[in-house]
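Some structures are shown below for you to check.
Shared between the two complexes below is chain A, which pairs with chain B and chain C, respectively.
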Partner chain A sequence: MFMKRNRSMILAFVVPSTLLFLATFIYPIIRTIIMSFFSIQEITDSMGKWHFNGIKNYIDLLGNGLYRQSWVNLFKIFFIGGIITLGISLIMAVVLKSGIHGKGFFQAAIYLPNVISAVAMATMWIQYVFNSSYGLFTNLFRALHLDFLANIQWLDAGHKFWALLLSYCFGMIGHFMLIWVSGIERISPDYYEAASIDGASKVEQFLFITFPLLKGILRTNIIMWSISVSGFFIWSKLFSPISADTTTVVPMIYMYDKLFGAENVDKISRDAGSAAAIGVMLCLFIVIIFTLVNRCIKDDDLEF
Partner chain B sequence: MKKTWKQFGSAALCGVMAAALLAGCGGAASSGATGAASGSSTVSTADTAPAGSGEFAGTKLVYWSNWEATEPQGVVITAAVEEFMQETGAVVDLQFKGRKGIKEGLIPALDADQQVDLFDGMSNKSNYGERIVSLEDVVAAADYEKDTNPVLMELARSYYEDGKLHEIPYQMKANAYLYNKGLFEKAGITKAPDTWQDFLDACQKLKDAGITPLTTDDAYAMQAFGMHLARMIGSDEVKKVVDEGQWDRPEVLATAKAFEELASKGYFSTQVGSNVWPTGQNTEFAIGNVAMYCVGTYVVNETKNITGPDFQWGFFGYPQVEGGINDQKAMVIGMQSFAVTNKCANPTAAFALIEKLTRGKWDAKLAEDTLGIPADVNNTEWPDQLAEAKPFMDNCNEIFATSGGLENNPNITPALKENLMKLYAGSCTADEFVTNMLAAAKG
Partner chain C sequence: MEKVKTPKTISRYSMNQQLKLLPGYVLLVTWVGFTTVVLTWVIAASLSTTGAIFKGNVFAFAEGIHPENYTRAWVSSNVSVFFVNSLLYAVVSCVLLILICAPYSYALQRFHFPGGKLIKTLLAATTGVPVIMVIIPLYMIIARMGLLRYEMSNRIVLIVLFVATKIPYTTIFLMAYFENISRSYEEAAAIDGCHPIKAFWKIVFPMVEGGVVTVTIFNFINIWNEYFLSLLFVNSDSLRPVALGLFSMINGMQYSGDWSGLFASVIIVFLPTFILYVFLSKKIVGGLTGGVKG
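So, the complex of A and B:
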C-alpha cells in the first residue's frame, strides 16, 4: 500500500519537471537539428517558410575557408589551451595542497579572475597588458633590457591568437584548480604517509599516487573544458571587435554572424539554417569528446 | 475515504506547485519580451504622458531605440519624446534597446506580434522585409523631403527593390580623413590635401616635423584602402573585386603599392599592426600623437572625453588619385535611420514623432549634443568640429558603399583585415597582399 502511494507521489513530482525538461531542452535540440536541414532566413520564421535543402548547409559550411579556419582555431584552443590550463591548474592545486603557508590567500587570488567579468578581463589584457607602447609586457621587458621581448607586438596578426589564448587560460586556471583541489582532498593522507616512510619523493608521490587517483577528475575537467571551449565567444569578440578576424574567429562567432547578419554589406543576409547546422556541429564536438574521454580514461580500476 | 482525501490533497498540492512554476515561467517570458532581455532600459515617458486632447490623444506608440538612455542621443531623444507627448497627447513607450537589442531582438519580437510601432538603428533595413512599411505617403503628405539632403534620400531608397522610401535618415556621417589641425599647422601645412600627391607631401612634412602622419585600427583598416580603390574603379567595381575574387586586377595591386609606399616611408605609426579598435583611435589619434585617421565623423563624439575642447578637428575627402574615375564629390556617406513597422496602427503619429526628432530644434539639439551632422538642411549651424565636413557633404554627388564597397563580402573581410594590417605595418608587400587575397578568395 505504501509502495502504491509512493508511486503516485513520485509520478506527481516527476511528471511536471519531466514535461518542462522536454519542452525547454529536448524540443529546442530536436528543432535545431531539423532546422539545420532547411534553408531558413529568420530564426522565428514559421515552418511554412522553411525550404528543405538536405545537407547543403553542412556542405556549404565545410566548403567555406573562414568556417574551417574557425574550427582550426577552436581545436588549437582546445588542445593547446587545454594542456596549459589543466596542466598549470593541476600543478597549482598540488602545490596548494602540499601545506604551503597562505594557502587560502593563494587559492582566492588564483580564482579571482573568475569572478571578474570576461569583458573587463579582456579589456584589461588588450588595453593595459598587450599594448605595444605603454603595456605591462612592453614596460616590464624594457625595464629588464629584454628588447626582443619588449618589441613584440602582441596583438598583430602573427601573435594575436597566442595573446588571446594566454589571456583566456589565465582566467580559467583558477576554476579548474578548485576542481583539482577537491579531488586531491578526497585522497587519504595515509597513502602519502606510507609512501614517505617507504622513501618516495614528492614527485614520485605525485606521479604514482596523486595523478592516478585523479583520473576521474581529469575526465570531468576535460569534458568541462570542451564545453567551455565550444561556447568560446566573448573573448574572441573582444579581441576582434566589430568584425571577425581570421586569427581569432571561432564557430560561435561565425554562427552569430550567420544568424544576425554581417553589417556594411548591400544585402544583409541572415541564415538561421546554417546557424543551426553550426550549433549541431558544436554539439557533436562535445559528444565526441565526451565519448572519447569516457573510453580512454577509466577510473573504475582503482578504489580508495 | 481518508486515503482518498490524502491522495486528493497530494495531487492538489502538486498541481498548485506545477501551476506556480508555469506561472513563474510565463511571467518571466512576458516581462522578458517587453523588457527586452539584452540590457535594455525603458524610460518612463509613458507614465508621464498627459491625458491631453492634442492631435494624437488616445494614440499609444512603442518606440525601440538603438541608443542607450545615457548616451547623448538617448538623452536628447527622451526630452524630445516628452515634448511630443505634451503637445500631441500621444503616449510614447520609449525603450532603449542598444545596438544589440535591435539587431538580435526586434525581428523575433515583431514575428511574435509584439507591439513595436517605430524604431531607429543603422541604415539599410531591407532585411526587415514586409515588417516595415513604405513611408512615401506620409512623407509626401508632410512635404518632408525637401528639407533633407537629396543624396541621402536617394541612398535610403536605394536599399529597397521597389525603390520606395522605408526609412528616414538622421545622424548622418561622412567617412574620410579626420585630422588634427594643430599638428598640420605645426608641420607647416596650410591646406588640406586634395590629391594623392598633396597627401604624400603632407605626410612627408608631418614626418619631417617629428609627427606620425597616420594610424588606424583593425576594425577600420578597410576604409582607406577601399576608398582608394573606389577612386580608381568606382564602388560597384570594388564590390565585384571582393565578391568575385578579382584580386588580380591591376588597380588592386596599384592601390596596395600606394599603401606599401606609405608604410615603407614610415608614415604609419610603428604600432599600427597591433591596433585593436579603439587603441589607435584613442591612444594615438585622439591624444594628439598621430595626425590623421581615416574613419567616420562619429569619431568626434566618440573621443570627445579624450580630445577635450582644444583639439582642432579637420576633415578632408579622400584624395583624388592619378588615373582615378571620380573625385572628392564621390564619398562614403552613411546614416542612422527611423522606420515604422507594420504593427503600427497610426503611421501618421509615428511619422510625426520622427519629424519631431529630425527637424528644427530637436534635430539641431541632437547635432549639437552628439557633435553630429543635422538631418534638417535648414539647420545650417554644424558643430565646429565638423565644419570642414559640411562642404564635402553639401557637394557630394555620388555615394560610395561603406569602405568603398570593400566590406561587401563577410567571408573575405577577416582575411582582408589581417592582410591590410600587415600591409600598413610594412610586414607584407603589395605583391604578397595580392597573393594572399587570391588564396583567401579560393577558400
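So, the complex of A and C:
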C-alpha cells in the first residue's frame, strides 16, 4: 500500500513540473535548432510561411562583417576578460585565505556588485567613473598628475571596449573569488604545514600545492565564464544604447536586432531563422569550450 | 574541520605574519575603497543638483541637500511603478518556484522511477543553455496567441517565464539539501498512516528550510534585476520592471537632463537587493561556496 501511495505522490510531484520543463526548455530548444535552417521574416509567421534555407543562415551570418566583429569582441571578452577575472579572483581568494583579518567583510564587499542590477552598476560606471568632466578616473589621475591617464576619453570609440571590459570584470571577480575560496577551503591544511616545515615559501606553496589542487575548480570556472560571456548583452546595450556599434557589439546584440530589426545598423534585415542560428552558434561555443576544457584539464589521480 | 589556533603569547610572530600580509591588505582595501568611493559619490549626487554634479562638487552641497530628487524620481519618473512591478514579479515567482521545485526536487532525489535519471541529466544540462535558445520559439507562440496585448495576460506571461527559466537551477539546488535528510522521518510518518504528500509538506519540507531560504534569495535577486526577458516580453511602459525602467530613463536623459534624479533612481533600484544583502550576505556567500563541486 505504501508503494501505491508513493506512486501517486511521485506522479503528482513529477508529472506537471516535467511537462512545464519540457514545454519551456526541451521543446523550444529543438524548435530553435529547426528554425535555424529556415528563413522566417516575421517572428510571428506561421510555419507555412517559413522557407527552408539549409545552412544558408549560417553562411550569410559568417559572411557579415558586423556579425564577425561581434564574435571577435566575444572572444576578446572571453580570453582577455577571462584571464583578468579568473586571475584576479584567484589572487583575491588566496589573499583572503592567507590569514587576513576581516575575511568575511572583504568577501562580502567584493561580492556585492553581483547582487546589484547590472543597469544600476553600469550607470555608476558610465555616468560617474568614466565621465570625462567630473568622473572619478579623470579627477583621480589629475590629482596624481598622471595627465596622460586623466585625458583618456573612456567612452570614445577607441576606449569604449576596454571601459566595458574593465567594468564588467570588476563585477564578476567577486563571484569567481567565492568559488576559488570554496576550493581552497577543501585543501587540507596538513599540506601547507608540511610545506612550511620543509621551508617552502608562500609563493612556492601556491604554485606547487594550491594551484594543482584547484584544477577541478579552474575547469568549473572556465565553463561558468563561457556561459556568462555567451549571454553578454546588457553591458553592451548600456555602453551603446542607441545602436550596435563595432566596438561593443556581441552576438546577443546582433541576435536581438535580427529578431526585431534595427533601423540604423548597416541594414540588419529582420529574420527569426537567422536569429535562431545565432543562438545555436552560442550554444556550440559553450559546448566546444566545455569539451576543450574537459580534455585539456585532466583530473590527475590527486584526491583531496 | 578543525582549526589549530596559534596561541596568543607569540604575538611578535603574528605581528610579523600580519606584516607579510600587507600587500594583501593593500589590494583588498583599495578594491573595497574604490567601491565605497563610487557608492558614496552616487549617493551624494542623488542628493545634490544637476548643476553641482557638472561642476564636480557634489560633496559641497552648496545649494543644500535635495531629498526631493527622490520624490521626483519616485513619482514623476515612474520609478514607483517599476518598483512595484519588480516586487510583484519577484515575490510571486519566488513563491511559485518553491511550490513547484521543492516537491519536484524531492521526488527526483528520493525515488527511482523510469525516466528519473534522464530528467535529472536534462535539468543539469539546461542550466548551461543560453536563454535565447528557448526564447525565440516561446516569443513566437506567446505573441501569436495574443497574450502580450492585455496587461493582465502580459504580466502572467512574464511571471510564467521567470518561473520556467529558473526551474532547472532551483530544482538542482534543492536536491543537495534533500540528500541530507534521513528517510526514517517519512517511514515513521507512513507507519502512522500519513499520506506521503502530507508527510512531505508537514515533515520533510520544513527540514530543508535553509536551502529554501538560500535559493529564494538568489531567485529574488535574479528576478529583481532581470532585464533580457522583460525587454522582449514587456509590451507597455506600465509593466516595466526596475532594470528596464532605469534603462529607458537613461536613454531619455539627453532630453530630460535630470542627472540628480537619475542617480536617485539608481539608488532606489540599488537599495532593495543591497539591504537584503547586508542582512543575508552570510547565507548568500555560504550558499555559493557550499554547493560547488570541483
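Criterion: the second predicted complex is superposed on the first by the 272 of 304 C-alpha atoms of A that agree within 3 Å, B and C clash if a C-alpha of one lies under 4 Å from a C-alpha of the other, contacts with A are read in each partner's own complex, and residues count from 1 in each chain.
Just so it is clear, a residue touches a chain if its C-beta (ideal position, glycine included) is under 8 Å from a C-beta of that chain, and two chains touch if they have at least 3 such contacts.
Owing to the predicted nature of the structure, the values given are computational and were not obtained by experimental measurement.
A.B. asks: Is A:Ala12 contacted by the first partner chain B, the second partner chain C, both or neither?
C.D. replies: After superposition on chain A, A:Ala12 lies in contact with both partners, chain B and chain C.
A.B. asks: Output check: A:Thr220 vs chain B and chain C. Expected answer is one of first, second, both, neither. What do you get?
C.D. replies: second
A.B. asks: Check the residue A:Ser228 against both partner chains and state whether it touches chain B (first), chain C (second), both, or neither.
C.D. replies: A:Ser228: touches no partner chain.
A.B. asks: Give one of first, second, both or neither to describe whether A:Asn64 is in contact with chain B, with chain C, with both, or with none.
C.D. replies: A:Asn64: touches chain B, not chain C.
A.B. asks: For A:Ile43, select first, second, both or neither according to whether it touches chain B, chain C, the two together, or no partner.
C.D. replies: both
A.B. asks: For A:Ser274, is the partner it touches chain B (first), chain C (second), both, or none of the two (neither)?
C.D. replies: So A:Ser274 meets neither chain B nor chain C here.
A.B. asks: Given the superposition on chain A, which partner contacts more residues in chain A: chain B or chain C?
C.D. replies: C
A.B. asks: May I ask you to decide whether A:Ser167 touches chain B, chain C, both, or neither, giving the answer as first, second, both or neither?
C.D. replies: Neither partner.
A.B. asks: Does chain B (first) or chain C (second) touch A:Gln127, or do both, or does neither?
C.D. replies: Once the two structures are laid over each other on A, A:Gln127 reaches both partners.
A.B. asks: Once the shared chain is lined up, is A:Val119 touching chain B (first), chain C (second), both, or neither of them?
C.D. replies: In the superposition, A:Val119 contacts chain C only.
A.B. asks: Check chain A for residues that touch chain B in one structure and chain C in the other, and list them.
C.D. replies: 5, 8-9, 12-13, 16, 20, 43-44, 127, 133-134, 241-242
A.B. asks: For a test of understanding, state which residues of chain A touch chain C in their complex under the given definition.
C.D. replies: 2, 5-6, 8-10, 12-14, 16-18, 20-21, 24-29, 31-32, 35, 43-44, 46, 91-92, 95-96, 98-101, 104, 106-113, 115-120, 123-124, 127-129, 133-134, 136, 139, 175, 178-179, 181-183, 185-186, 189, 202, 214-217, 219-220, 223, 227, 230-231, 233-234, 237-238, 241-242, 252, 255-256, 259, 272, 275-276, 278-280, 282-283, 286, 290
A.B. asks: Show me the residue ranges of chain C that touch chain A in the complex, using the header's touch definition.
C.D. replies: For chain C paired with chain A, touching residues are 1, 3-4, 17-18, 20-21, 24-25, 27-28, 31-32, 35, 37-39, 41-42, 45, 53-56, 100-101, 103-104, 106-108, 111, 113, 116, 119, 122-123, 126, 128-140, 143-144, 161, 164-165, 167-168, 171, 190, 195-197, 200, 221, 224-225, 227-228, 231, 242-244, 246-247, 250-251, 259, 262-263, 266, 269-270, 273-274, 276-277, 281-282, 284-285, 288-290, 292-294.
A.B. asks: Across the complex, what residues on chain B touch chain A?
C.D. replies: Listed in rising order, the residues of chain B that touch chain A are 3, 6-7, 10-11, 14, 17-18, 21, 25, 103-104, 107-108, 111-112, 122, 124, 126-127, 218-219, 239, 271, 273-277, 279, 283, 401-403, 407-415, 417-418, 421-422, 425, 427, 440, 442-443.
A.B. asks: Under the stated contact criterion, what part of chain A meets chain B in this complex?
C.D. replies: Touch residues, chain A against chain B: 5, 8-9, 12-13, 16, 20, 42-45, 63-66, 126-127, 130-134, 153-160, 239-247, 249, 257, 260-270.
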